[in-house]
Structures are given as structure tokens and as C-alpha cells.
Amino acid sequence: MDMAKNYEKDQEKIKVRSLLKGRGEKIIEFFIKSVGILSIFPVLFILSYIIFKGIPAISWEFLTSMPKNGMREGGIYPSIIGTILLTIGTIMVAVPFGVFTGVYLVEYASDNKFRKIINLTIVNLSGIPSVVYGLFGMSLFVMSLGFGTSIVAGAFTLGIMCLPVIITATREALMSIPSDLRQASLALGATKWETTWKIVLPAAFPGILTGIILSISRAAGETAPIIFTVAAFYLPFLPQSIWDQVMALPYHLYVISTQVPNMPSNIMDGTLFVLVFITVGFNLFGAYIRYRFKKKI
Amino acid sequence: MSNCRLKIENFSFYYGDFKAIDNITMNIEKNKTTALIGPSGCGKSTFLRSINRMNDLIPDVKYEGSISLDEIDIFDKKYDIVDLRKKVGMVFQRPNPFPKSIYENIVYGPKLHGEKNKNKLMEIVESSLKAVALWNEVKDKLHSSALGLSGGQQQRLCIARAIAVKPEILLMDEPTSALDPISTLKIEELIRELEKDYTIIIVTHNMQQAARISDYTGFFYHGLLEEFDKTDLIFTKPKNKKTEDYITGKFG
Amino acid sequence: MNVRKIKDNIMKGTIVGIASFNIVIVFLIFMFILRNSLKFFNMVPASDFFFGKVWISLSHIFGLLPLLSGTLWVSVVALFISVPLSILTAVYIAEYASLKTREIFKILIETMSALPSVVLGYIGLYILSGPIKNIFRLNTGLTAFTGGILLAVMAMPTMISIADDSLRALDKSYKQASLALGANKLETVVKVLLPSAFPGIFAGIMLGFGRIVGETMTVLMVTGNSPGLRSTFLAPVRTMTATIAAEMGEVVQGSDHYYALFAIGLVLFIISFMTNTLGDYFIQKSRRAGK
């Protein structure tokens, strides 16, 4: 009676097989192609909306003046400055730590448990939700260390969040440098650190730069980590020191689109455009550099 | 052999449990070219890399016996590896110039070892490039990228880079196997010239090359040094049957 | 020369130290969240939190289930949309698209992944919620469904690129052997390539899922603001992430409400830890399998 079961199974298989052959193949392939192409449409739609509604809303004045009338008029200048300051701070925190960690993983670590633990740590860091980073940043930097809501607290929080990006980019860049170069340097009598610092890192720089640029894109676009650590709803003046709060573009967009009644749409569309321009712009720039770097290798 | 500075005594080398080099004893004579020949994978390159301790980079290796430079065992814990590699230079199979300018490639070594004077550095660049017959070809583009040179030129640059730190011994690991015949001949001429100032040990797959340029030849087979003698003797009156078979092309 | 050697050793120590610091950071994050969560569990019994069906923070009622269900509803919708679309799109660009089309797609996907969450939230709020309200005849367009759609858009780039990488990393011999045996292209894809690439594809889905669960601003802006157990995704919900973001601004430091938000953070941390570790495990597996 096993034979009967096997026969049925074979019949099933033949049915499935015939679905994938001949006309079935054409239909299903057409389906795949359509779905593939259609899945791009949401992005295209979103981008078109942002561009077509955003560009008319931008003007030099918009970019350089302070918000007025409950932010319903004027510009987004302080948010732009705030975002720039936060981004710089983030890079200053994330790059030294991230690059050296990458250097450790590729140049110094032996294939042992410790390296595996570090790798797992990085994987986990990259998966922590941004709002949890916000909680952490708030309890450690703002409160325990007493930084208060400030650029410093925000930069450290965002910096830790961007570590995995920099580490991964550094790691990939270093691994793509052929071992020949390291050997030539060592054979000339250089120490390992000299080899790393003078030969390997400079050669890997474009790849590392990719990571830095991608981090800029992330840091400029994240809201949740900065709500509790640095962002201000509204500040009538620019920050005077790194211990001050700032306004920032992503939070600003959130606020004006949800917390302020009667917000004119051009203000929102303009802010939206500037934010997307910076984040997507840097992201694509970073991807471009990665592409050119890979080509050279 | 009163003129030798490099003495290898009962040297064995293991990758993990695998004995790659088996009890080698050899004396390298100063200012002569010694060639190491033998079929692939017989330990020639491993042996070469032991002399400047490049094998230290590989995990799970061990060795027995000694290699002495000027009566001092290079594996002694007190021996400074950086100093060893200044005395023993290396040229690799594939040209590997740094992705920097020609000038920077050559001054890299001297700068590391403390030379700061710009004039002295320029002298070193000029003399090194002249020694490898590259000076006239590149003297007008010293600051252009080394990667813009042809394969043969790059390898000569690597040799110039190695001699810029004024080593006493120059190790060459199949330096022409990646090059075209004309570049190969140029480099062979170069080696004959360099011999006057340096002690050269060259690993080569090319028996004719060994016959052309070396004074002494060692035949390696499965990690053993089957025979070591003056080159013309090895190629005309080999004492070991295996040597004879290899030279006459019966295997390899 | 001695100086050089000393410098070499100092730098080695520094580098190892910095690398180890990453472990300290993760540890710190976990400790801070845990410590504050424990303070909460001292004030409110854990079972009330984990099994509580009502969340009204103003009345000091802290039940996790409505928030968990909000996150789950949004995730289910998002996965339902993103997983099939991502796999099909990955198959398309890996196996069927011309080189030029593939390049264009990769750029657009890269762009998609760069969009900040607040931007997607804005789009959802001003463009998507109106039509959804009308089409489904609801009281409001701010629902788990709306959030799910946007989160699918957010997660797809991750899923597509990892799936695409997995398909392209497969040994060419699989495809060639299958075609040589008489299978057509589609059969090869369905019966040979996709199953072989499964670990990688699954990893991509896991990581995308991690992003979906952890997403804050988009859901804050478009899923309504209404914690409660719902029987359909066409209703306003509150996710765990949105709760933290929305309520942290109005808590009294040191109050039970304050620590309650950390307890939610703990749950999020653990979920993301699990999905990420699982995702990474499958990526490692796919790397070994592809050889």
C-alpha cells in the first residue's frame, strides 16, 4: 500500500512540475517580473512627492532664518545647525572607537573566542532599537554622568549607535587590502603598528570613508535617540556651547507635523525635503564611494 | 668557508604537525648568489621566510635548530626582529609596491629606521634606483604613483625599496616568475650586479635561471636539502641521484 | 628602536582595549535598562506587567499585552507584505533583470533604506491615512494596518539586499547542474536556488523583522495612539516603541511610570537580541553553505 502512496506523491510532483513548465513558467515569470518592478513604485512615489512638493518650498531665506510665529513661518536654520553639530559630534565619538575596533578584528585578533564575542557584540549593537538607545543615553549620559540634555549627551548616544556601521565598513575595507602589502612593509623592518598606520589604513581609507558617510546619514535622520538626550521643541537662539540643547531636523519635522496646529504645508514640505536631501544624499554618496573603492581593488 | 655570515644548523620547521623542513644545515657565503631549486611545495619558500622570520606571522608553527647571522641565533628571544629585517631584505614573487609614489616607496624603509634628512633621503632614492637601472626611466616622475609602472619596473622598484635600507642579505622568492622574459633578463642582470654589495639567496623554479646567475645551488626535495654545492658542479656532476633526475627533467 | 617597539606594544594594548570596550558598552546598555526595569518590578508585580491587558499609564495601570499586541499587529502586516515582495524582488533582480535594471534597482533600494523613519511617518500621516480611512470606512486612517504598510517599505531594503546577496553567492555549479539536467530557469530558481539560499534569506527576514519591531517614529505617527487589545489590524493601536517615545516626555522621574517605560525597553532589548542573534547565525550558516 506504500506503492499507492508513492504513486500519489509522484502524481503530485508531476502536477507541480507541470505548473512550472511551459505556459506555467511564462505566467509565473511574468508575475515575478511585475512584482519586482512594482515593488519599486512606493519609493519612486515617495521620492517624487518629496521632490515636487519640497523644492518649491525651499529658499535661501528658508534655510537661513529662524522660525517665527510658533514655527509656522520663517525658516529652519537652527534645526540645520543643530543637525550639523550633532553629526560632527557623532563622528568624533564613533570614528576613533569604530576604526580601532575594526583594526583589532582584522589586524590583531587571532581566530579565537574573544574575537567571536566581539563580533557577536557588534551584531547585537546594530540590532538594538533606536528608542532603547534613547533610554540608555538618557539614563547614562543625561542623568548618571550629569551631562544634562545636551549636544554632548546626544553625540555620545548617536555615536554609540553608529559604531557598528563604522566597524563593519572598516573591517571590509581592511580585509580587501592584499596581505602582500603588509608583508612588504614587515619585511622592510616595520612594526605591526607602523604597518597598520602607514600602509594599511591609508590604503583602506576610501572604504572607511564610506562608513563615515553612512553614519552621517544615520545620525542626521534619527529621532528617537535624540528626543530624550538633546532635542528641544523650540529654542529661540542658537546653542552657545556643547552643553546646550539644540533643535534638530528630524525632531523638528516630527514636531511641526504632529504637535503644532495649523501648520502651513509648505513649511512641512520644505523641512521634509531638506531632511531627505541630507540623509539620502549622504547615503548615496557613501554608496558611490564604496562602489569606486571596490572597483579599484 | 670563512666568508660566511649566515649559518643554518640542523634547522627543521613545522606547520602544526607537518614537517615542512627537515634538518637542514647550510652555510651561505657572503657576496655570492645562492639559488634554491626543487619541485613545488618542497619547502624552499618556507625556508627562505625563516631567514627573516616572516614565518612568525603564521600561527601554530614551530622550529628546531638554529639560524645564525654573525654568530648570533636569529631566533634568540633577545634578537630584535625589526633589526633582523633591516639586515635581511626580501623581494616577493609578485611585485607589491605600496599604493604611494615611487619616492615614498623607497624612503619608507629608511624613514622608519630614523633617517629624516631630506637630502640624504633623496640620495638614497637616487642611488637605489640607479642600482636597479630604473633611475633614468623614472627620475622625472618620482612623485607619481608606483602603480603606474609596468610589472617589470614595479619589481625593480621593489628591489630598490629593499636595498634602500642597506641590508646585508637579500632574499628573493621567485622574483621573476610573474614577469615577462625581457623583464626577467633585466632582473637577472641586476642580480649579477647586486652580488657585489649584497649576499643573495634566490628561490627559483627555473633551473636555467639558477644555472645562469648563481654561484651556489641547493636542491630541495620534500623538505630535505638533498644536495648543496657550487652551481657548475651541481649542474654538471650532481652527486645525488634525485638531483640528477630533477635537473634532467625526469620530474618537477 | 626600543622606542618603536614600546610604541608598538602600547598601540597593541590600546587597540585591544578599545575593542574590548564594545563589550563594556553592550553590557552597560543592558545593565542600565535592566536596573531601571527591576526598580519597576519592585513597585509593580511582574505578572501584572507581563499579563496585564490594560495600559492606562495615567491611572498607574501598566499592562504590557496591549502594547505587545500593537507591535505584533503592525509586525504581522509588515511581514505579510514585505516577505513575499522581498523574495520575489530579490529573485527578479538576481536572476531576471538586465544588468542596467539591476543597477537602477540597487540604487533605488539604497535610497529606500536611507529614508529616515520620521519621513515615512510623515508620508503615512499625510498621504496614506486619508485613503485608508476612506477605503475601509473607518473612523480614522491611523491604524496598525497603515503602520504595517510603511514598515514593510522600511524593512524591504534589508530583506531584498540580503536575499539578493544570498542568491548571488551560491555556487554557479548549482544552476548549471540543474539546467543541464533539463530543468528550466523557473524550476531551477524554485527548486534549487531558493532552497539553497534559504539560510541567507531567512537571516534577511530576521533582521528585517528586528527593524520592524524596533521602529519608533513611523509607528508613533501613524498607528493611532490607542493602547488596547484589538481583534483586527484596521484599528488604532499602540506599539511598545511608540509608548516609550510618547510618554517619556511626560513622566515624573523616579515614578512607577518612569520605570515602567524601562521595563518595556527591556522587553524590546531582549526581542531584538534574539532576532539579531538568530539572523546572524543564519548569515554565518549561509556563508559556510555557499562554499
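Letters are used for the chains, namely A, B and C, taken in the order the chains are written, and counting of residues starts over at 1 for each.
We adopt the following convention: a contact is a pair of C-beta atoms (placed from the backbone, for glycine too) under 8 Å apart; a residue touches a chain by one contact, two chains touch by 3 or more.
Keep in mind it's a predicted model, so treat the numbers as computed, not measured.
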| item | value |
| --- | --- |
| Contact-graph separation of subunit A and subunit B, given in steps at minimum | 1 |
| Which of B-C and A-C has more C-beta contact pairs | A-C |
| By mean Cα position, the chain sitting nearest the middle | A |
| Mean-CA-position distance for subunit B and subunit A (Å) | 48 |
| Gap in Å, rounded to a whole number, between the CA centres of subunit C and subunit A | 14 |
| Inter-centroid spacing, subunit C versus subunit B (mean Cα positions, whole Å) | 55 |
| Residue numbers of subunit C (touch at least two other chains) | 4-5 |
| Multi-partner residues of subunit A (each touching 2 or more other chains) | 191, 194 |
| Sites on subunit B at which at least two other chains make contact | 82-83, 112 |
| Complex contact set, residues of subunit A against subunit C | 17, 20-21, 25, 28-29, 31-33, 35-37, 39-40, 42-44, 46-47, 49-50, 96-97, 100-101, 103-105, 108-109, 117-118, 120-136, 138-140, 143-144, 160, 163, 167, 191-194, 197, 217, 220-224, 227-228, 250-251, 253-254, 257-258, 268, 272, 275-276, 279-280, 282-284, 287 |
| Of all residues in subunit C, those that touch subunit A in their complex | 4-5, 7-8, 11-12, 14-16, 18-23, 25-26, 28-29, 32-33, 36, 85-86, 88-89, 91-93, 96-97, 105, 107-123, 125-127, 153, 156, 184-187, 190-191, 207, 210, 213-217, 220-221, 241, 244-245, 248-249, 253, 261-262, 265, 268-269, 272-273, 275-277, 279-280 |
| Of all residues in subunit A, those that touch subunit B in their complex | 110-111, 178, 180-181, 183-191, 194, 198-199, 202-203 |
| Touch list for subunit B against partner subunit C, complex | 80, 82-83, 112 |
| Contact footprint of subunit A on subunit B as seen in their complex | 52, 54, 57, 59, 82-86, 89-90, 92, 94, 96-100, 108-109, 112-113, 158, 161-162, 165 |
